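Shared between the two complexes below is chain A, which has chain B as its partner in the first and chain C in the second.
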Partner chain A sequence: MNTLPRIQGGLALKRHKPGLNTPVVNLSRPRTLVFPLIGYGGTALQPRVRVGQTLNCGELLADGIAASASGRVSAVEARPYAHPSGTWMPSVVLECQPCVTANTCESSSKPSALNLDLLRDAGLTGHGGAGFSTAAKLARHAAPSQCQGLIINAAECEPGIACDEALLMHFADEVIAGIDALIDWLQPQQTLIAIEADKHEAIKCLHDAIANKQYIRLQRLQPIYPSGAERPLVDLLLRLEGQPRLRRDETPLDRNRICLNLATAHAAGRIARGHAITHRLITIYGDRPCHARVAFGTAIETVLADTGNSPRAGDRVRVGGALSGYDLADISAPVTAQTNALSVHTAPSVQPSRPCIRCGDCISVCPVGLQPQQLYAYARSADDKGLDRQGLDHCLACGCCDIVCPSEIALTASFRHARSRRHADRLSDRDAQLANTLHDRHQARLEREQTRPTRQTRPTTPSEPIAADGIAAALERARARRKS
Partner chain B sequence: MPASDSDRSPTARRGVDLALLRQDTGVQLRTTPATMRYVLYALVPGTLAYALLIEARILFTVVIAAIAAMAFEALALTLRKRDVIRTVSDGSAALTGVLIALSVTPLLPVWQLIVGAGIAILLAKHAYGGLGYNPFNPAMVAFAVLLVSFPADMSHWPGKADPANETVWDTVTAQTPRDRWRELLREQRHQHMDEKSLSSASAKTDDTVQLVAVGWRWSSVALAWLLGGLFLLWSRVISWQAPTAFIVTLALCHSAASVFGTTAFDPSMTLLSGAALFGAFFIITDPVSGAATARGRLLFGCGVGLISFLIRQFGSWPEGLAFAVLIMNSAVPLIDRLDTPRHPR
Partner chain C sequence: MSTLFTVLTLAAGTAAVLYVIGLALGRFSRRSADSEQALREDLLDQIEDCLPRTQCAQCGYPGCRPYAEALLENRIGIDQCPPGGQLTISRLAQLLGRQASASLATEPPRQVAVIDEANCIGCALCLPACPTDAIVGAHRFMHTVIAADCTGCELCLAPCPVDCIDLVALASSPERIGWSATS
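Take a look at the complex of A and B:
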């Protein structure tokens, strides 16, 4: 416990966790809530509700999206959503009674043990950032009874995001209750909470909360960005157990390890106690840094205004941290389960990059042992074989290479671009292959029909002109067949 | 919709926001121009020692070569329609010019020096696409071209470094100090073997004394290069792999050769004379034309050490570093390819 496990690559960034010294702000719930119909990876979701329908709190609007208040669906229409492009997306608009707090949910069912259906019906998605459906994640797990390790990821390494830390500092008991509910369901052989060693306050609260729970272990990590990324974290914990690292095609579940974000575990606990997933804790960094409980569907603009962080002219609003986040084009976009931090900052000047001088600094910081500068060269020349050889699929897009690059090259952005290009290429390849197959089948069928003429084609041959009585006879036969 | 939407920056983008990160965490890493500046600073002690102990003209040639290289860089950038001010001010061209001037003899005619700078910047650098794309070390390309084109002028080294001597410009030998050493020691060995007359041996003694003096001066310069190199290592501008591998390989090769009695040099002399330490810290550490990974740099340093030993020992050139570096430069794509990340698939 005294020596922290060594982390491969990464960067020791100065701690920047705003808004931890102030009490949690409980934001009022506005009259109008907006829920973009977007699923994991930007897929469009089908709404399950119609305009004019009244809903209870917690009812599903679509797969993975629950209503965070009771109300009436006033529209299903295109609305801005939290995305750097500023495009609009079909969203469900819910009109509800305004409420002084974010988390008062009128209807709460009886507490029950967790199971897949319960999570699915509650619409729980990961609160870490990617937003993968928790039920779908756990459904992939072959045998819940064989869970070797439940890993609660409380490592929140990115500067500017502190919502998990605040959650531990203010609601440690609720978090532990959530973890207990998960343990009751999954029966893991061991449970551990991974957290960076420099979160002293949070660790103290956590210690108090698990004082009489010997089955939950605390795994301290070096405060090195990106210690909270799931795959390297699981790799690290596997290494501590003397196991080989994850293969490229393996997920932690394939090794019977279930890794959940701390806030997700907290939300799961709320579900087990019969509550709906209605709100989350968000780090807000601006004039008045704070943490706020915000109802899902609240406009980011409202959140900032209510906490006294309204942007001034020329300010930019960013979702997430400086590394993995993005700037909003439209701040009327709503808060979703994946909104972990909002920051208001002045627009700094962006310097154009210089050419790569192959200094190799990026190689030494890559947490997954890639060679970003080589990847960059291959990405620029769109060399797919080279990208594969260099392991583009392993890239976490953590941004460490961007930070150390002396030429200030947007490496991560180029990897993201290469990835989406390859994804698009693969899709169009698949479509082309499908079209090819269909064409081949069509051709084969035509050939078959030519070599083996069917019955309909025989009478049309000019050698046998159709006689009028022949038609009459055929009609007669048909009638007789119908009668019998 | 925000009221200020129209004046909001349209560059809403995803990904790393370095400016914000700096504002939040104060993380400030060295930029490429700063890297070049650090290398130039690290060259100061060696250059001063060179000027004081060997030849003051070096200060003049260094400045001329740097200015010439920057002028050629500006020319190339103008022709290629690039941002001239921003790129010239990154210091990479100036550094190339300085490295050329420090590699060649300080007595080289100025026009040849300018030709060298032109070759380095135009041929070795911009013909391949400018900074970051040159497969060969520009300074070493210039050195090799000058050595092949002007062999006589290139081997015109200051022989008498005595400031009291009025004929500083007049060189006693037409070879580098290293070359002179080799010749002398070879003769001595022959004398030992032949057990020839004492008189001829004593006739050589004066020469030896003088050469030891020259050797002492060159060694001081070499130590000044080492000082600069240690500064670069300490400030993490260069990594330790390539210089260490190079020095160790060179020392091992020469030790082995001296054990087997086929060399005229002893290892310490090898390292403290000629271009060994200068090359170790300022030439083979060029990131652009060198290997990129830690293991690759070890391999690269070993290769340069081995090849330059072979050239010194068996080749016809007194100093093999330039060719060794160029040969290993051409092997860099292969080295990079060898050391691709290994991931469990």
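Take a look at the complex of A and C:
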């Protein structure tokens, strides 16, 4: 296995893929589904529906969010949201008929070839965890037959997340059908599925499914975390082809490569067959590890209860993998298309960190080639120029540097904090620029009015004469208000 | 005689060369007076970029540009701007190489002015007070504040004879939460 290609940097972590030995659990759909109005990167979305509106399954509630059942919008209000801050977010609340066998959506349209409008209307977003709009990603793609390579990302490198592996083990044919639909549309010069070599069962299922398809190639990789991150993966594949590496200012699309998550490709196939995207597989790790097929909008505590994984007092529930995930403040938060794993664990003890000894281990494991040692120093002193020079914006927040640091410094947390701070500062700058422009216009207006007297306005004729006691009454009200 | 002649020629030559150099330097210094003014404007722009531009006069100066001038001439500390918060203090510290003498106890929340229309008498006294022209209205017409243009500077509160303007803290919007969990 050590002769297989591997990404630069990263760490070989112990394989931890729970819930693969049990059949997939199809969870029943609850009566209430909640859809947070948050898009990629935390942007606020405008709802396209009103309270009281009835909807069919698959109709868009907002850009990139489709109703996962037919029902009635009972509210658009702040609700718990799965986020480290524990803040509530504006969400659409849908009341629908609870359904025990919620495997397929009630309404479906006839199959058709994939196109951008179809993906937009279905609200398809990436299922890998970040949730970028798939239609927006593919809209930048030049034209059919300009695509050098379609890369299906089945690497799934993080400990604790195994939903793509489960998808391959149980639904390999559907996955390949989705890839075929994408190939028919994008007409890439080559298609490959990148997968870590230790997913033996899944690779066997894949081999069987693509047995007669010479145009889909399987690329096995050394199981290194984070091979599943888009940039290190595409950089590796370019290197394997003998191409120049992916520069920091380039995206895969700049090199005519389209990289999609395996589950996103599977969902695209379902859209081509006329189905709405309403469910996804989620890895559940608790008392009863399993994979569950969950309708978007189901509360996380319902998912845990229905699979026999309810947390006990003192337990924490984590969303996402062991490294890039976070613990939830409120487990009534709903599942979204980006929820890939849930795990129940006891609260970890936090080790105090010690000073940096400049060993450089963090530099050798960074998959993006950054210098966490330097980034940490600049983050602590809030030196924005230094952070830019060191490439803070390219940090994947994978957490490899945290693992190797002998002083147990919370490096990734400090980078995340620096990015949040800079984001807030940019918003403050934007406000200041606006205020500056308005003030300049205000000053210009005053200068204009000095040179040119303001026109006399016609005296207004009120509908009824203003009595003196009307003014007195207003002043009385004001005095009463001032006293209170 | 010839020695004297040589010395006098050398002296005259040196004087001529020095005169020409002096002329050239004089040209240069006349241009630098203008460029000094331009340099000052540029520095004031850089200082103003660190300020939030609310024009609220809480620093004691009638606007952000006068405060910037005072900072340039080192007449005032870098910690006098409450709306700027810690961001303004750290930026000014880096730009001017000065330390803050006091740190802000709490960052003020973002707020906007809201006119209570039930109590507004349409006197139009608040309109000229607003440095960003965010209040819409006219004499005997209802006044209202354009929230998107309001910087929360509080300058409209004092002129209102019926105290009908309140400052309301803005709810945090999703874009200000920070830590996109997948970043």
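In this section, the second predicted complex is superposed on the first by the 419 of 484 C-alpha atoms of A that agree within 3 Å, B and C clash if a C-alpha of one lies under 4 Å from a C-alpha of the other, contacts with A are read in each partner's own complex, and residues count from 1 in each chain.
In this text, contacts are C-beta pairs under 8 Å (C-beta built on N, C-alpha and C of every residue); 3 or more make two chains touch, one makes a residue touch a chain.
Only a predicted model underlies this, so the values are computations on that prediction, with no experimental measurement involved.
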| item | value |
| --- | --- |
| Which superposed partner A:G42 touches (first chain B, second chain C, both, neither) | second |
| First (chain B), second (chain C), both or neither touched by A:A292 | neither |
| Chain B versus chain C as contact partner of A:A130, first or second or both or neither | second |
| Partner chain(s) touched by A:T412 [first = chain B, second = chain C, both, neither] | first |
| Partner chain in contact with A:L328 - chain B first, chain C second, else both or neither | first |
| Contacts of A:D425 with chain B and chain C, given as first, second, both or neither | second |
| Contacts of A:I357 with chain B and chain C, given as first, second, both or neither | first |
| Which superposed partner A:I179 touches (first chain B, second chain C, both, neither) | neither |
| Most chain A residues touched (candidates chain B, chain C) | B |
| Partner chain in contact with A:M169 - chain B first, chain C second, else both or neither | neither |
| Shared contact residues on chain A - chain B and chain C | 84-85, 326, 416 |
| Chain C residues within the chain A interface of the complex | 48-49, 51-55, 63, 87, 90, 110, 119, 121, 130-134, 138-140, 149, 151, 161-164, 172-183 |
| Contact footprint of chain A on chain B as seen in their complex | 1-5, 7-9, 11-21, 23-27, 29-32, 34-35, 90, 92, 130-133, 239, 287-288, 290, 292-294, 297, 336, 340-345 |
| Chain B-facing residues of chain A, complex | 11, 13-16, 84-86, 159-160, 244-249, 301, 311-314, 316, 318, 322-323, 325-332, 343, 345, 347-350, 354-361, 363-364, 368-371, 373-374, 389-391, 394, 399, 402-404, 406-408, 410, 412-413, 416 |
| Residue numbers on chain A that touch chain C, as the complex places them | 38, 41-44, 83-85, 87, 89-90, 129-131, 319-320, 324, 326, 338, 382, 397, 416-417, 419-421, 423-425, 427-428, 431-436, 438-439, 441-442, 445, 457, 460, 462, 471, 474-475, 477-478, 481-482 |
